[in-house]
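Going by the order they are written in, the chains are A, B, C, D and E; count residues from 1 in each one.
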Amino acid sequence: MPAFSGQLVVFGFASFFALAFAVLMVVQRTPVRSVLSLVVTFFGLSVLAVLLAAPFIAALQIFVYAGAILVLFLFVIMLLNLKEEAADEDDRPVQRTLGLLVALALGGLLAGATLRAPAPPRGTPSLSSIPSPDEIPALGRLLFSDYLLAFEALSLLLLVAAVGALLLSKRKFE
Amino acid sequence: MSFATFHPFGADLLTTLVFLPTVGALVLAFFPASSKAGAKAVGLLTSFLTFAVSAKITLGFDPATATPSAFAIDRAWIPRFGIRYQLGVDGLSLALVLLTTVLTVSVLLVSCGQEIEKLRGYVAAFLLLETGMLGSLVALDTLLFYVFWEVMLVPMYFIIGIWGGKRRIYATMKFFLFTMAGSLLMFVAILYAANVHLKATGFQSFSLVDWTRAASSGAWNLTPGAEALLFGAFTLAFLVKVPLWPLHTWLPDAHVEAPTGGSIILAGVLLKLGTYGLLRFAFPLFPRAAARYGPLLAVLALVGIVYGAWVAAAQKDMKKLVAYSSVSHLALVVLGIVAGTGAALSGAVFQMVGHGLTTGLLFLLVGVLYSRRHTREMADFGGIAARVPVTTTLFVVAALGSIGLPGLNGFIGEFLILGGVFQVNVAWAAIAATGMILGAIYLLTLIQKVFWGPETVPANRSLTDINAWELAGAFPLVVLIVLLGVFPRPLLNLVDGSVKTLQRVSAPRAAAVIARPAGKDAFERLEVHELPAPREEIAR
Amino acid sequence: MSPTLAAALEGAAKIAFVWACVLGAVLPNLIWVERRMAGLIQDRPGPNRVGPFGLFQAVADILKLLMKEDVVPMYADRLLHTVAPLILLVPAMTTFAVIPFGSTIHLFGRDISLVVADVNIGILYVFALTSVGIYGLVLAGWASNNKFALLGGLRSSAQVISYELAMGIAAISVFLAAGSLRLQRVVEYQASGTFLGFLPLWNCFPQAIGCLIFIVSAFAETNRVPFDLPEAEAELVAGYHTEYSAFRFGMFFMAEYLNLIAASAMMATLYFGGWSLPYLHLTGIFGSLASIAVFAAKTGFFIFLFVWVRWTLPRFRFDQLMNLGWKVFLPLSLLNLLWTGALVLWGVI
Amino acid sequence: MTGFFQVTGADLACVAPEIVLALFASLILLLDAFARPLRTFFPYVALLSLALANLAGRDSTGTFFAGAVESSGLSRYIELVALGAVALAVLGGAAALERDGRNQGEFYALLLFSAAGLILMVRGVDLLVVFLGLELMSLALYVLAAWYRDVPAATEAALKYFLMGALASAFLLYGVATVYGRLGTTRLTRLQGLASGHSLVPFDVLLAAGLLAIVAALSFKIALVPFHGWAPDVYQGMTTPAVTFLSTAPKVGALLVLFRILHALFPSSLPEPWRPLFAIIAVLSILFGNVVALSQRDLKRMLAYSGIAQMGYAAIAVATLTREAFEGVLVFLAGYVVTNAAAFLAVAALSAGEKEPHALGDLAGLGRRHPVAASALTLSMLSLAGLPPTVGFIGKFLVFRAAVDAGLVGLALIGVLGSLISVGYYLRVVYMLWMKEPVREVSLVPEDLLSGAAFLLTSALMLAWGVFPRALLELARGAAAAFTGR
Amino acid sequence: MTGALPGVAPMAVPPGAFLVVGTLLFAIGLAGALLKRNAISIFLSIELMMNAVNLLFLTYARMRGDLAGQMIVFFVIAVAAAEAAVGLAIFVALFRVRRTVDVDKIALLKW
């Protein structure tokens, strides 16, 4: 069916961009470019999210991650005027090599395991099924019923973050 | 108010006995640090009271008691895991309790007569130490015993570390680590044994009484390997404390660096707790392993006897000499325990008390000299008998007691042990006797070099004799040394009941040893059925 | 015709229509309008030479920008310097996708909703794109490797993020009232009844504070006077686009105007009934066409407002700007949210 | 799905301690902003809030908020631990902060928030709530780590702690995602036995990987080898009063969560690959922590390595994973909290200031000059070494006992060996305090009423629990009620 | 595996593919976290890891046809924002006193 193949193409593009720019993010030496690569990755991810019937999350991803968090990163990078990472010789080559190996091995193993994993059992009844076409009201209702406590906890968390950020970035002590 | 009715806090006698010194130490905490008089008063009063309680217990004790059940108390402590606050005494522990209370009084009296810095802490440490020692002696729950056993460590660590000599830190760390290593092994062994008991009987208990019952009734049901491991762990912990060659290396250091009081208690009581542990725990709980490995212990003990004496003979430092003599003497006690005949066991117990007194007195007197001259080298003295006649007299008494001169306590103990060992193995007895002879040589040499002869060192002209406080401390020891030598019967009666019990447990061991005096395979052939049938009174 | 194909054609037609209107009609005229308005307000003629009333001035401006030499500073980050204006421009152009420019029209046997994509995340889409646009400003500032540009970029990011917050919370109140994130639904809601019995149910009435906040914040978001600090020429030369020239500069220019148009359209949609008229129901094909006109008129008014304000008010200082955003608007917008919630709860709206 | 926005009184009562803490924390923030002269009273306000939160805690059991959180003996336990740890940090910290002119309200507010997060984390039955609680706790701690933000070491500590913590969060999320994906829920109550019982034969690699990620993340928080790297640096650089809290309650919380998750997944017994894994982690932590601590010359670093070793002992209980082990570890951890808090408070009281290094040698001769703090430190060293009659002994005893009963004698032996090694460095502190003459003059924080109370309290608890552990055991027993059927 | 979920069209792309992409992104992020020297870049890598996990959550939610996964992602995003705020504030504070955020140079405290 054409719609399906269209989805496949979109998936292919989005995931390729996401992965490629993720790698680029790691390889880049200039922090600003790292951030930008990550922005592209996040775009790819939000496209994938749309494919997964989660447009709300997709928008949120762009809005919060790309639009706020990464801009904050960029802001700090510029504030601190960070240029390239020092290119001088590596102080900890062994650790880095090990780290790379670990990450590669882990990625390979996990990806392999993911591919070979059998279908998960559909044991427990889910909290609520994804409604169509509009999942946002359902999400909202969940947020204020089953996840009410989590939501309130989140508000505390944000308060702490705000207080902390303010406190740490103040220059003077009172 | 007579002491017979004195029950502080309405508690039972044994609890009072154990925790009275702690109360004293706590009271001390409310005195200002600088108040020496207060420290002295509280310390002396507490230790006297403690002694009085122990005396009262002794007076009310029935010597026929075969198991540590007199004055018993048994309350839940950690009921969730079957751990109890279980105390009780028999003749064996009571003898050592008396020794402890007497020596503590002695030590505190002596400390009053000498200039000691930070006296408050010093007294408090000794009082806490006394709690640990008494607790270990009367505890019947193994975990409770372990707690008291470890509690002894800390005050001793402080006593050596704060009031000790130049290399005190090294000495005290070594003491601590050696002892702790052993006791931690014992700790795991206790846990494992509790597990074994749980599996065998289906109920949780850490009580020695329950364990002994299980052990003697065969319900213990241990594989030989497991029993050997358990026995090994317990024995190792106790042998470190004794200390038996080759685990003795911490002892000379600790003794040399410890202050006088520390040395007295260390040699007088702490070492005895090692042999006490062997008698109370290791041997009764694991009789088969004890029988199997007894001869090995005997060999170590023999080496210890000769080695200790030999090294003592080579010492120039008086304290070191006495320390090594302790190694030698306690090895003899171990030999007596291993031999396991009635005479040997009686002798061992008697010697434990006797050695506590004589060695305690020896250290006390060396301490007296040291406090005047700040040296313990024999070469720094010489012909001081005329200057310090009382000290000399006392020293000679103590030394002769230690050597085993008839009429003094050492003779009874050594004679009984050697006699007992002789029944079992002639060769052992012969070798052990050599150690005794060497003992006579080095102690007499010491007396010769230090006290007799012409005065060689000018600095000794200003030497003053033992003062009243010190004499007061030494007095009870001298009296006891002489009394026990002349009338050993009361003490022997006191421990008779427990010795009989111990003997029953160790009968197969003696049998095994007699059957095959030497050679490893003798132990292999020892069969379970050689054990005596379990008796009711062992249980309770 | 398969439904898929029809849907595709419909979408394409709508996109073509929207872009034609915005890029072809509104944008060039806007340049002219702004310059003429400036003249009017400052009591001078303004551009009046190119074509009648200077109407072709915009074309001339664009041609000029296209033909000028494109200069990239020596120490600039070439890639980012090139990409930055595009990052700003693309979101600006795609914002219009979710804004309904008319009611539902019945053509070729189909009910066609006059919005390119009436997605269920509506406003979030707009905010997401707006926030992406920030990158254009920041990167332009950074890539130029010029301290004035950098400062401009930093200021713009700080400013946009700060005001996005108040603006977003104000917008949330709108959706709270409408019960949906779909903009078409928001407009339909505003057309559906009256407030207090006589006022149209336009959000500007029950949520006057929110409306005010949204409008003012929109000025800040689009970097327009009085909040044009990122390009404050007195302090920062030209801010983030100091080092831009020719067509790249043109792109910034274009993006700014596009944002302005989009912001105006959003104001009209969210607070002033969008394509609807009060008390009247526009039905039939002509009604639908009329709704487009109504929408255009309302948007035009706000564009006019933007221009009017630009030439009337002085510029804020940066700390004043920040104070206003964080200490005034943020609490006020929260208050507005509470107020709206209460109204909804009591069934007033 | 429960009703929209339906909150019952029981729901609120369940999280009442957290609510009290959050309200008071906000109150302190407001007071700091608008009533600055009241700053001297903030410690008392904080203590009051702790007392109220404690009163608000209940003994009833059940799940609330649509099964997201529970109220149980376990949550009661962690309430006590968290509130106690904060109380000690406040008691001991106030004077030190006052001396350095950093007695700001945020310090107390963040501590209270952190405690609220901690309680929520352990209370959480839903892994999402657990995650949020963990984050709330951690975020506050990241900020507290850099409390002296003009001290390079402090900000460095904060950076390292933050990066490691964020990494751990990512791992935790991966684990939660996998659990959700493979088992279909994040509710621990529904997970009960799914992992071992369901039809994934014979071994679900992905699920194992996810669980491993969770274990790794929690091990980060607990600071177990090989996830311990941050601890020494952070301890060394972080504000000492804050370390008092950081080094105690959060570790306890993370460990309890680990227990809960493992128990939910493997209700009958710990299966094959996991028990050896935890055994290895325990052995490594014990040996590494103790051996490295021997060579430390900075007091706070030494305590950090000691903490790693201590958590190794606790990991023995994880490897055992029986009800007895759980009870034991609860006692052990309660003792650890009091003991370690006492140690760090003493470090704060006996150091020349936050900007100075905390060299071990600087303790020389302080026993005479500051007998109260020095005594508390001595006692805590003995307790950490596991010597009776302190609570440290009881805890170790129970943990080792459970291990031996479960047939893990080897682990108990390793634990004992570790204890022996640890004596080497714990006693060094004692030696410095009492047996060495002072080398240099150090200007110390004057002993004030609050810190004196803290020292007395901790000392009394260390001894009282060591001699009369029954009350503590009862608490642990109630808290372990979740471990039924073992 | 897609399951016939009420109202949601069956998936054209096998969910396993999404999972693999997520996993790979996670690994790339981890590599970055372990390899990068700049603290900010390390933090960026960690953000990537979190997003990879978000993708996993969404995929699993889709596979199971329930919203819990999406809900969790909502929370994760918010938490990430909070973390970023605090983290970047720490960077700024550190930079003020040390003038660098290179983790190799930040070695007052030995790692």
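Note that a contact is a pair of C-beta atoms (placed from the backbone, for glycine too) under 8 Å apart; a residue touches a chain by one contact, two chains touch by 3 or more.
Quantities reported herein were computed from a predicted structural model and do not represent experimental measurements.
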Q | Chains contacting each of subunit B and subunit E, listed by label | A | D
Q.
Quick check on the contact graph: shortest path length from subunit C to subunit D, in steps?
A. 2
Q) Taking each chain's centre as the mean of its Cα atoms, which chain lies farthest from subunit E? A) B
Q. Centre of all protein Cα atoms: which chain's centre is nearest to it?
A. D
Q. If you average the Cα atoms per chain, which one ends up farthest from subunit C?
A. B
Q: Report the inter-chain centroid distance for subunit A and subunit E in whole angstrom, where each centroid is the mean of the CA atoms.
A: 4
Q) Can you give the whole-Å distance between the Cα centres of subunit B and subunit C? A) 94
Q: Compute the distance, rounded to whole Å, between the mean C-alpha positions of subunit A and subunit B.
A: 70
(Q) Using Cα averages as centroids, what's the distance between subunit A and subunit C in whole Å? (A) 28
Q.
Touching at least two other chains at once: which residues of subunit E meet that condition?
A. 19, 26, 29, 43, 59, 63-64, 68, 71, 75, 79, 82-83, 86, 89-91, 93, 96, 101
Q) In subunit D, which residues are in touch with two or more of the other chains? A) 128, 132, 135, 139, 142-143, 146, 149-150, 158, 181, 184-185
Q | Chains touching one another, given as label pairs in label order | A | A-C, A-D, A-E, B-D, D-E
Q. Which part of subunit D faces subunit A closely enough to touch in the complex?
A. 1-7, 11, 15, 22, 26, 29, 36, 65-66, 68-69, 101-102, 104, 106, 109-110, 113, 116-117, 120, 126, 128-129, 132-133, 135-136, 139-140, 142-143, 146, 149-150, 158, 181-185, 190, 194, 198-200, 204-206, 209
Q.
With touch defined as at the start, can you tell me which subunit C residues reach subunit A in the complex?
A. 4, 77, 80, 119-121, 124-125, 127-132, 134-135, 138-139, 141-142, 150, 153-154, 157-158, 161, 164, 180-181
Q) Which subunit D residues qualify as touching subunit E in the complex? A) 128, 131-132, 135, 139, 142-143, 146, 149-153, 155-160, 162-163, 166-167, 169-170, 173-174, 176-178, 180-181, 184-186, 229, 232-233, 236-237
**Q.** Partner subunit D, residues of subunit E touching it in the complex
**A.** 19, 26, 29, 33, 39, 42-43, 46, 49-50, 52-53, 56-57, 59-60, 63-64, 68-69, 71-72, 75-76, 79, 82-83, 86-87, 89-91, 93-94, 96-98, 101, 103, 106, 108-111
Q. Which positions of subunit A touch subunit E when the two form their complex?
A. 1, 3-8, 11, 15, 18-19, 22-23, 25-26, 31, 34-35, 38, 41-42, 45, 48-49, 51-54, 56-57, 60-61, 64-65, 68-70, 72-73, 76-77, 79-80, 82, 85-86, 91-92, 95-96, 99-100, 102-104, 106-108, 110-111, 114-115, 119-120, 122, 126-133, 135, 138-139, 142-143, 146-147, 150, 154, 157-158, 160-162, 164-169, 171
